[in-house]
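Look at the two complexes coming up: chain A is in both, with chain B in one and chain C in the other.
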Partner chain A sequence: MTPAAIDTTILAVLAPFAAAVVAPFATKIFKHNAAWILALVPAWIFYHFAGYIGPVSHGETFTPAVEWAPSYGINLSFYIDGLSTLFALLISGIGTFIILYAGGYLNGHPQQGRFFSFLFLFMGAMLGLVTGNNLITLFIFWELTSITSFLLIGFDHLRAASRRAALQALVVTGGGGLSLLAAFILIIGATGEIEMSVLLSSPDVIKNSGLYLPIFILVLGGAFTKSAQFPFHFWLPNAMEAPTPVSAFLHSATMVKAGVYLLMRMHPLLGDTELWTTVLPIFGGVTLLVGTILAVRQTDLKLMLAYTTVASLGLLVMLVGTSWEKALEGAVLYLLAHSLFKGALFMVAGIIDHETGTRDVTKLGGLRGAMPITFAAACLAALSMSGLPPFIGFIAKEVLYEGTWEMGAGSLLVTGTAVLGNSLMLVIAAAVAIKPFFGPAVETPKHAHEGPVLLFAGPLVLSLAGFAAAFFAHQTGELFIGPMLSSLTGQSAHVDLHLIPGYISAPLILSVLTVALGVVLYLQLARLRALVASVLAAIGWGPDKGFDQFVAGIVSLSAAVTRLVQGGKMQTYMMLTFGVTAAAVLVPAFLNDGLPSMPAMPDYAFYEWGILGMAFLGLIAVLVAKTRLTAIVSLGIQGFAVALIFMLFGAPDLSFTQFMVETLSVVILALVMTRLNLSPRDHRPAGAALVTGAISAGVGAGIALTLMAITQQPFDSRLSDFFTAYSRTIAHGRNIVNVIIVDFRGFDTLGEIAVVVLAGLCVLALIRVRTKPEVKVDEDASAEALAKRVEAS
Partner chain B sequence: METGLSILIGLFFTVSVYLMLSKELVRMLLGIAILGNAVNLLIFTAGRLTREVPPLIPEELYTPAVQTANPLPQALVLTAIVISFSFLAFLLVLAFRAYQELGTDDANEMRVAEPADEQAPPQGY
Partner chain C sequence: MRTIIFRTIAPYLAALMILFSVFVLLRGHNEPGGGFIGGLIAASALAIYGIACGVASVRRAIVFHPMSISAFGLFIAVLAGLPSLLLKQSYMTSQWLSFRFFDVNVDLSTPMLFDIGVYFVVVGSIASIALALEERESD
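The block that comes next holds the complex of A and B.
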């Protein structure tokens, strides 16, 4: 596909990013009502992806693409099949109502425009993630969801809890992202393919590559952190610090499912191995139980829902881990059901919080009269969550029980876990939907009343959608579940769903068992809550606390390392620098046979020896000088000796310059040194003198040896010959050195002049700029400083 | 012929580094002054030595009649001399002003940027 003909699908995926730019301006003009306009964007995306339902259900797939960095094989390419279509529909569909909801929820918030912007950024990232075909593109969108999630969780950035939660989510999911990148690089290395669609066409290529184990582990590293599997589950409940629209959208319906999406997408490539069917059900099962048990302890509506989200993600991972077709069907159904009911319930929790001023379930009651529409939505969603007919949650539970019951090895364990988890979920659903609305009305911080249409539209539509999906079970199965299941299994799957079970079967009995167990547990909720709390108090440590210790440890460690390598002592820095210099020159020379051969005695004339000796004496005199005057004079001697050396070896220009510069240096040095002291003896104790002496001798010897080795090689005189040949003919000058400076390398000279000017300006600035004496801070101290300054000048 | 100068240059570097590794500002400055000469001699010698014949072209010719000294390192060193001088002048004044403001000529005690009792970074979020 040429860049000129960009597919509408690509525009659809990128549209939210454009909306993110527009949102703040729209919000400035229309205030919260901008939501009505902005919601058109996800609605259009939903409409666009809905167009794929028909073709995809007939087994077609699409791979629109534009070139991005073709030389690296990285393209903005997308893969539309059953799996990505359903995800895209969920993201854009729920996203539409989340935008509306955010309009009502943050009505009047000064940063509402920014909030819309972040939401759209996330939406675009999430759409790109679920439709991404190119592995690198997919990874980039994956990381974008982590980053936007960070921005959204930390939206209320003035609260420390909010900052902590945002950072925690970023560290956990971002770390998982790195693991995923490593996995993708391994996959590209092992197979030579970078497009998911190509990989999926030969599904066994990774399993046979020998790199299966590392790839498997790294992919799980990405998926488990994103989808909050135990022991990485702790960031998700903390992410409830975000405003409720974020919790409903990112942390229940979409982003946290990215890990599950990845597992589903990779299932044909990595799944159905012994490793897969062992590891995934264990992690998933543990997460399911841990999530539900922790949910029971909570009294905050959002936290209860957050822990059940953890549990649901565990259930999904467990089901995907079975690699059993019927269980996978259950997973797909449950994913759809969960997105609908959990999104709705979060929004209900948000409305309750918004309209009553609290979300503590023990402080709520009797709201059904004041908030009838919210109550209706809560009931519908909670029934679906409880897995009761006639809702999609019921069908999902029936199918997944059927799958786990029939799957053979480990069936009893998996089914048992699922039943226990589901019954606890029923408890939470009941607690969220029944407790706040029934019973006597309780005094709440705000006077409770129904929220505006912006708020209740979302939960109402989503919970009704859960009902509609079940009512039209046959179509749901054919259009959504079947195509998605085909993506998971890699072969076309036919799904036939019924709302009413045809006969009494094991799943139905299990469902009844689940409900019975759930009711019993609900009646014991208070006792259960106390029990869980006391067990947790007995353990006393959790991954959440561990994260704090980890961060504190990192900060202390980096502070210690900084103090070690940057102790603030000039001498240490200098010794390190020159020690490394000496080693860098000497070690390779010794290792690679780069030492010069034994030189012959140089044949210098007596006056040449004399000048060399003069330089030598000058140097030694500087070293041992006891007074300032000796030091300055000796420095002058070695400088003039250098000038004479230039003179001897055919460089009169250098010689003149050196004489002038050396004279000036000595003058300035003398000026400065009249103020600065030179202690008569070197301050260094014997040991330090030995070490620094060794380092200096190392540098000196290294450079001398290198120089000898270089000059023993034949000289490549091409460049010099060029200048000699063309100095007169082209540049019309007879002094070749001058010609090089002013003509051939004129720009260098310009740069040199600039350096001199700059140095002059800096000197001027240093002399002119004086700190003002501190005004009346401390009489004694400032008098002392003043005295010192007078003394110094 | 380069051997003798190579050894001398090694000595230049040794003395210069030894002085710079001192903590006294004055010695460090002396070391820096010598370092400039050391590097210039290094470049000069690496271009090979030729006795007494400067790279000049006689009036009536277009190229030199005899083998002259290598002009290229001379041009480089000429630039380097001037730059190292301006650098030295700047450092001299800088050191002097630092001494005036901080009241010490001990480099290890000049710790405005990296105070010795620097507090540990804040924990928390």
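The block that comes next holds the complex of A and C.
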């Protein structure tokens, strides 16, 4: 690889985002045939990453990077090794056919362009995720996949089920993403490193850091939610509300593998500890069994496939959890095999749905004559899924049995789980590939016929790829599986694969057992289905229901908190606000001995005394005023006196503003009063007036004492000196106050005026609320609060 | 409130106050004044005009909704920070343009633009509250 080609990788990762912008326009011009042009983007990405196969298989790694926010150590940096190369190839390769498939599947849909856009956004996010080197960059791409998945699941947003499924996926995977962010921050804090490649070069750094346990738990929180491990598996079947291209791409081949990818990527850092080899196999094994058992119950093609995806992800997690090299090799092989056959099967299910109008297996049959090509693709993929030769699924199963059989402790349990899971998987594969195509032809809602080339190209190529990967087993092992395994184990691994097992060995016997068990179970499918259904009905509760209860719980909790904090009575708000203010100022002053000393009697001129007297008279007038209007105006007198004081002490700007604010406050308060139809007089009982009086006295005394204490400190003139010296020379202005507002501290002002705009909008909204009389109480205080805020600034 | 004298004089008073507010705004960089005070004066002018002649005529006179004026102010305040980015300086670094126009020194600057933004924000927000409160009689 030349340096230029390596730099192109950054473009390759970001190219789907550009394609997302172009897609709607292309679709507007070329209709569904735009897919042919748009598919060139992932095809080019595939071609680009294919260039890495050679160097990576020789053990080379690459870290192209471009600066993003270097002051925080955050860079768009990428790490290309065996693991990321295979993932990138899967994403771009399958992505190419998904784009074509989407062209056929949503042919004529008014929002097809938008759909392409979302698909490309997801593709870019996923590519960034699997190649991300910088932890923060990786996290951002991780969350982007959650968000784009939300958009894609909710694509059919007029249906409530779609919206619920989209929200559920976002809550579960997004919540997991936050857990992952916490894990990354802990890793950065514990090791001081932010680049994955650096961390991988000293693998024991996290295990020795003392923060291993929290990091481990938080990473699992991210990985398990994304990869739909029990008990977070429920979002994945619900995500089948998405159009089928999405299910085939995100929810089988790519996004749900992100969790597995993360576990594989972190395996050298976190793996091979007692905790790892205990927790992961348990969760993975349970997920495998739960997934397959639930799949058996379903009759909807997509849901059956979705639950087996859950099961396959469980199998992968279980294998990664063993930290046993041969089992890891099995995991890597199975991951490749699964992406190919599951992507193909989903697309087959989509074609059947598209061309017959139903995907309920009990209503389908005898389609092999009407849809020969789809039938062929389904058979090839299903054979691979069943783990039968000559397909990559067979090799994967052989290797993983070999791995689980040979490993030490827990071997029997893990192997048993794998055999049971695989045989159930075979049942589903058979149900998907045999049931709709064999038997007598059944009347379907639409007249069944073969789909267009845009539709069947994807499943055909993917299922043939499963065959090719097995036929060229030696090359597959050398070029893809070996380099990827090296990334997992942290040392160079050599993989030698054969399609034909050399001798009768334990794995082969296990395979035969799996097939036999699978065939027996398939023949009993109807009874099995009824059994699972009755057991589930007996339990009556599942995580899916739990999610609804969780959401309902959060809603009622926040409602309760709101009722408690926001009682809707303005007097309470004001008393609390000012009471807390008084306490916050006075209590620390008393505790820390921060009270001012008694000031000496000042030596004021007679007019200064006069102004003080005026302020004092204003206050007395407020207290003795008979009507509220008089009180408001009297408060204005006191304000004007303060403005005069500002004027006397050389702050004309402040004084000017004070005059205006006082005037406007009086006007607005008077308007508010007439508007609210307040009675002219205050009729509160003496007790209530005493409490509010005490609070206002407390606030006043607190502020006054604080100001006195501050002014008794020696004056630090550095800031004023600076502004006096530089306001003219730097900012070309003689009015220091104005220069500070618009230049030196201009950014603060920007924030403040944004607040003024928002406050204005809020007050306006409150004034407009006329239907509910109790809300009107708030207007008074809002206007007051605004007037006070303006005064304060 | 609505005496004939008040109603007759209010439009002139309001116009004078608006004029004065612009004067205060523009001289603010060197003399007491600035966008904030200017805005408050202009808002008072609108409030007085509203009390005297009704809110409807104020709304006709200022053409735009006061909240839009406020938002426009925020917009140009944000805009005023941008030119420095073109010169690879950090956001809101002040830029000055001085020239002579008929024997008068004219200084144009981004802080001035920013101050004008502040002016509009304050006029818009305060006026929209005051007018909304005054509007009671009309409905």
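General remarks:
Criterion: the second predicted complex is superposed on the first by the 605 of 793 C-alpha atoms of A that agree within 3 Å, B and C clash if a C-alpha of one lies under 4 Å from a C-alpha of the other, contacts with A are read in each partner's own complex, and residues count from 1 in each chain.
Simple rule for what comes next: a residue touches a chain if its C-beta (ideal position, glycine included) is under 8 Å from a C-beta of that chain, and two chains touch if they have at least 3 such contacts.
What you see is a predicted model; the values in this text were computed from it and never measured.
Within the superposed three-chain model, A:642 lies in touch with chain B and out of touch with chain C [touch as defined at top]. In the overlay built on the shared chain, the residue A:668 is in contact with chain B and with chain C. When the shared chain is aligned, chain B and chain C each come close enough to touch A:657.
In the superposition on chain A, the chain among chain B and chain C reaching more residues of chain A is B.
Once the two complexes are laid over each other on the shared chain, residue contacts for A:743 go to chain C alone; chain B is not touched. Contact with chain C, but none with chain B, is seen for A:731 once the two complexes are overlaid on the shared chain.
Once the two complexes are overlaid on the shared chain, A:164 sits against chain B while remaining clear of chain C. Of the two partner chains placed by the overlay, only chain B lies in contact with A:622; chain C stays clear of it. In the superposition on chain A, A:768 makes contact with chain C only, while chain B stays out of contact range.
Contact with chain C, but none with chain B, is seen for A:754 once the two complexes are overlaid on the shared chain.
Chain A residues in contact with chain B (one complex) as well as with chain C (other complex) are 652-653, 657, 661, 664, 668, 672, 675, 734-735, 737, 741, 749, 756, 759-760, 763, 767. Residues of chain B touching chain A in their complex: 1-27, 29-30, 33-34, 37, 40-42, 44-59, 61-64, 68-72, 74-75, 77-79, 81-83, 85-90, 92-97, 99-101, 103, 105, 107-108, 110-111, 113-116, 118, 120-121, 123-125.
On the chain C side of its complex with chain A, the touching residues are 28-37, 40-41, 43-44, 47, 67, 70-71, 73-74, 77-78, 81, 91-92, 94, 96, 107, 109, 111-112, 114-115, 117-118, 121-122, 124-126, 128-130, 132-134, 136.
On the side of chain A, the complex with chain C involves touching residues 652-653, 656-657, 660-661, 663-664, 667-668, 671-672, 674-675, 731-735, 737-739, 741-743, 746-747, 749-750, 753-754, 756-757, 759-761, 763-764, 767-768, 783, 786, 790.
For chain A in complex with chain B, the residues that touch the partner chain are 160, 163-164, 167, 551-552, 555-556, 558-559, 563, 566-571, 574-575, 578, 599-600, 602-604, 612, 615-616, 619-620, 622-623, 628, 631, 635, 638-639, 642, 645-646, 648-654, 657-658, 661, 664-665, 668-669, 672-673, 675-679, 682-684, 692-693, 695-697, 699-701, 703-705, 707-708, 710-711, 715, 717, 719-720, 723-725, 727-729, 734-737, 740-741, 745, 748-749, 752, 755-756, 759-760, 762-763, 766-767, 771, 788-789, 792-793.
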